[in-house]
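Got some structures for you, see below.
Look for subunit A in each of the two complexes below; its partner is subunit B in the first and subunit C in the second.
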Partner chain A sequence: MTFKTLLATVSALWLATAAGAEEMKMAVTTSFANSGLAEILLPQIEKDTGITVELLVVGTGQALKLGAAGDVDAALVHARAAEEKFVADGDATHRREIMYNDFIVVGPSGDPAGAKAATTAKDAFATIAAAQAPFVSRGDDSGTHKAELAIWAAAGVEPSGDWYKAVGQGMGAALNTAAGMDAYIFADRASWLNFGNKGDLALLFEGDPALFNQYAYLPVNPEKHPHVKAEAAKALENWLTSDTAKALIEGYTIAGQQLFTFNAQPM
Partner chain B sequence: MNDIYQGLYQAMRLLVTLDPGLVEITARSLQVTLTATVIASAIGLPLGAWIAVNRFWLRRYAIAILNALMGLPPVVVGLMVYVVLSRAGPLGVLGLLFTPTAMIIAQIIIITPIIASISHQAIRDLWADYHDLLISLHASRRQRIATLLWDGRRALMTAALAGFGRAIGEVGAIMIVGGNIDHATRVLTTAIALETGKGDFALALALGFILIALAIAVNLALHILSGTERGSRW
Partner chain C sequence: MVSSILPLTLDAVELRRGGKRILGPVSLTLDGDGITIVLGPNGSGKTTLLRTMHGLERINRGHARWTGDADRVHARQAFVFQTPVLMRRSVLDCIAYPLRLDGVDRRSARDRAAEVAASVGLTATLDAPAQILSGGERQKMSLARALIRTPEVLFLDEPCANLDMASMAEIEAILIRTRNAGTRIVMSTHNIGQARRLADDILFLHDGRVIESARRDAFFAGPGTPEARAHINGDLLP
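The block that comes next holds the complex of A and B.
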């Protein structure tokens, strides 16, 4: 291969990837991607707005980092304190709540720690800590991890020791680890219902309002990053808060259970 | 064991029905890795030959470093390419992060030392045989390298294939710089990581079997095209 053809190949490849009509990149959390809702929403978004949304599936911590660096055009995440700081830092123009789902506590079906009998999420966590039962934590600075830490704090427990295993991975990998060790784990309901390797694990605790999990949309600030596709991000926001989105989000079920509740307010 | 049988069955089903999703990620795997292999070979093969025929200061150290770079951790390469190509990084204006081009760049960095190192070994042995002949013919340095590269082409193909093998199965770097975006940067290895994360071991294994079959097919195709290992020759 001569240098010229090589150069032609490289530039053709570069052009092929640089071109493309209406595409935008959105960082979303693993829990949202694992829920399967994206596969329902994205084709309809493309049909209604002509925008192809490319999803980067990462933890909330990394999603916000991608937004701050200007590597994505918007983010859909679930960690309120971090989101508000993100807006305050000028990385996003505003924060718009879209929908919520909930977290659950999953563990070995025998429930050696007795978490099932707990009345609140913090009690369930306290019994697990008291029994020193193996507990797998995401440990990756994701929204789910932050929510888990908030409940440990409410329970007055500083989780550490051999029984507390921070794996530093996504929801699916953490669930695989928990299934392999018969451990307790804090997960979002959607990931759990879609998960294919449940092993001996079962849903042990649910329903506490403290397990409420709000998703919010953050368009990256075009004043800070002039290259971001602010118009596409705006069109996507309008779509996500529309009645079409509401019907699709609330109509999405796994095993007969509704996963998400739409709660976007008109601006 | 059940997952393995399920995986084999699913691999068969995906192949027989020519599943469009599978075809897409397989084609992208090939596009990224073959491009990276071609470019890395264009750099690595002449570099290996050049080091073999030239005597220069610190040559021994250059070779040692080249050999050490064969073990470059992909995740570190991925991270470095990511930081450079990020919008906040020095080459951010190109907007290359999370594109197949970024994945190709990362793989070139990973496999060029492998190709250069293996070709250096092969050319060095050949150079020992050809040294007196080429010197007596007054071959220029350029001609020497060209002759050695051509006569050593079989060993050099092994070098390129070793690079290909490392790149096609690599996941650490391309996951970071590509982002595993559906219909944009998802390839076989990142899809396997994704399905493992979903707990769908059967599908992950099926994709794994297809990846292995693809690597074998590419190697076989190159050997047949270049006519090595024919019955009449040793």
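The block that comes next holds the complex of A and C.
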């Protein structure tokens, strides 16, 4: 069974690379997994560090819960406020920014709500709400879901009603739902470019700085969970912030488009 | 002179959701002027038909075609929902919002919003948060927001549901003025009396299909189907 087949058939899974000398577990978001970047990074991580990284693919909220429970050694997620609380609560030793991509607004190519004419993300959302055009929300407490809710709040709209469908699923499944019903959806660019079932959907809005999507690495605090593999987590952090990682991250493209920008700073 | 986005032609339009047919096949042409009232029992497809005409629903078979390019078609029509989505801003800013999206400066947009608000009898609460409005006031605000760009075609989905008689009368008066000013109106309602008062034409839906299409007087004088007759008479259908 291929990596993509696994992603399509289960909502959360352990994704193991080939056996290595040391193993560690990292919770990552579905949007990161759907991007395909993991398949590029993991083999090189194992080659360079000897660490086999097992990924638990969930939403950001669930990823942080796994970290708080000590079920993983680190997390790579994208919801800054939740991440900072995670650190403040003592669940991670620190937060380190690694890379960013951006969110986009996708919808039916005919754009019945007129979202593409908006100049800001919040206006695009308000336009969709005013038209009560079908909108599919992740609804899963993921980083993407949190970012979507922040834009609704900025738009001054409490999304509810028949037009707003929270599916409680990962990015790929939510995109499939949107494609099936010609609905608008808030997605990360990587997942959108990797999505093979676009149907009549099209990218309608992009470029607002409010759509910036920062990924950060959070090593689980060994003082709180002594069993976590802190040394492996530190080695992985060093690799993720290295020039090798930068080259792989920024060299990863889909359809000729770079998906992520490396922005890790030296400690 | 601005060219019309009408006629709108639905050609054997069919919508299916979850393997079930929820509308169609429907073929009709919307043209001319006046008010078309869409009647039919619950679940007959009234809301879906309006949303489909407005372009909000995915069509599985057939075609819906407006006249003109997509941007102009979008800009020249508006929709008033049974339950409007309220934005957390003042009544005036809610009404002005479509103009702000068009790039109109805030002051001009608010001035125009105040004019439209006055035209629908909404004046006392313009600076209040939209959330505090009563049901009738919300629909007036929603109407004002829909009318601010002077749409050529206005869709309304049961705009008077849950309103008292006084509010309903005010909304109906606004709709008649809007029709007389040249806006083509398509509206669904459960209220037979309202249909008699407002309609120029009637579309009667049953089980997702338009089973009668007639001028108002002809429809009420002698509906051609047992379903429409029962609906008008308030009979219970098995």
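Keep in mind that, in the parts below, the second predicted complex is superposed on the first by the 246 of 267 C-alpha atoms of A that agree within 3 Å, B and C clash if a C-alpha of one lies under 4 Å from a C-alpha of the other, contacts with A are read in each partner's own complex, and residues count from 1 in each chain.
Criterion: contacts are C-beta pairs under 8 Å (C-beta built on N, C-alpha and C of every residue); 3 or more make two chains touch, one makes a residue touch a chain.
Quantities reported herein were computed from a predicted structural model and do not represent experimental measurements.
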Touching partner for A:Ala245 - first (subunit B), second (subunit C), both, neither: neither
Chain touching more of subunit A, residue-wise (subunit B, subunit C): B
First, second, both or neither for A:Ile45, with subunit B first and subunit C second: neither
First, second, both or neither for A:Asp200, with subunit B first and subunit C second: second
Partner chain in contact with A:Leu56 - subunit B first, subunit C second, else both or neither: first
Which of subunit B and subunit C A:Gly156 touches, first, second, both or neither: second
First, second, both or neither for A:Ala129, with subunit B first and subunit C second: second
First (subunit B), second (subunit C), both or neither touched by A:Gly114: second
Touching partner for A:Ala178 - first (subunit B), second (subunit C), both, neither: neither
Complex contacts: residues of subunit B adjacent to subunit A: 35, 38-39, 42, 86-88, 92, 95-101, 104, 179-184, 194, 196-201
Contact set on subunit A toward subunit C in their complex: 108, 110-114, 117-118, 123, 126-127, 129-134, 155-159, 161, 181-182, 200
Sites on subunit C touched by subunit A in the complex: 17, 54-58, 70-71, 74-75, 79, 81, 83, 85, 87-89, 97-98, 100-101, 145
Residues of subunit A defined as touching subunit B within the complex: 1, 3, 6, 9-10, 13-14, 17-18, 25, 30, 34, 52, 54-57, 69-71, 169-173, 175-176, 179, 194-198, 225, 227
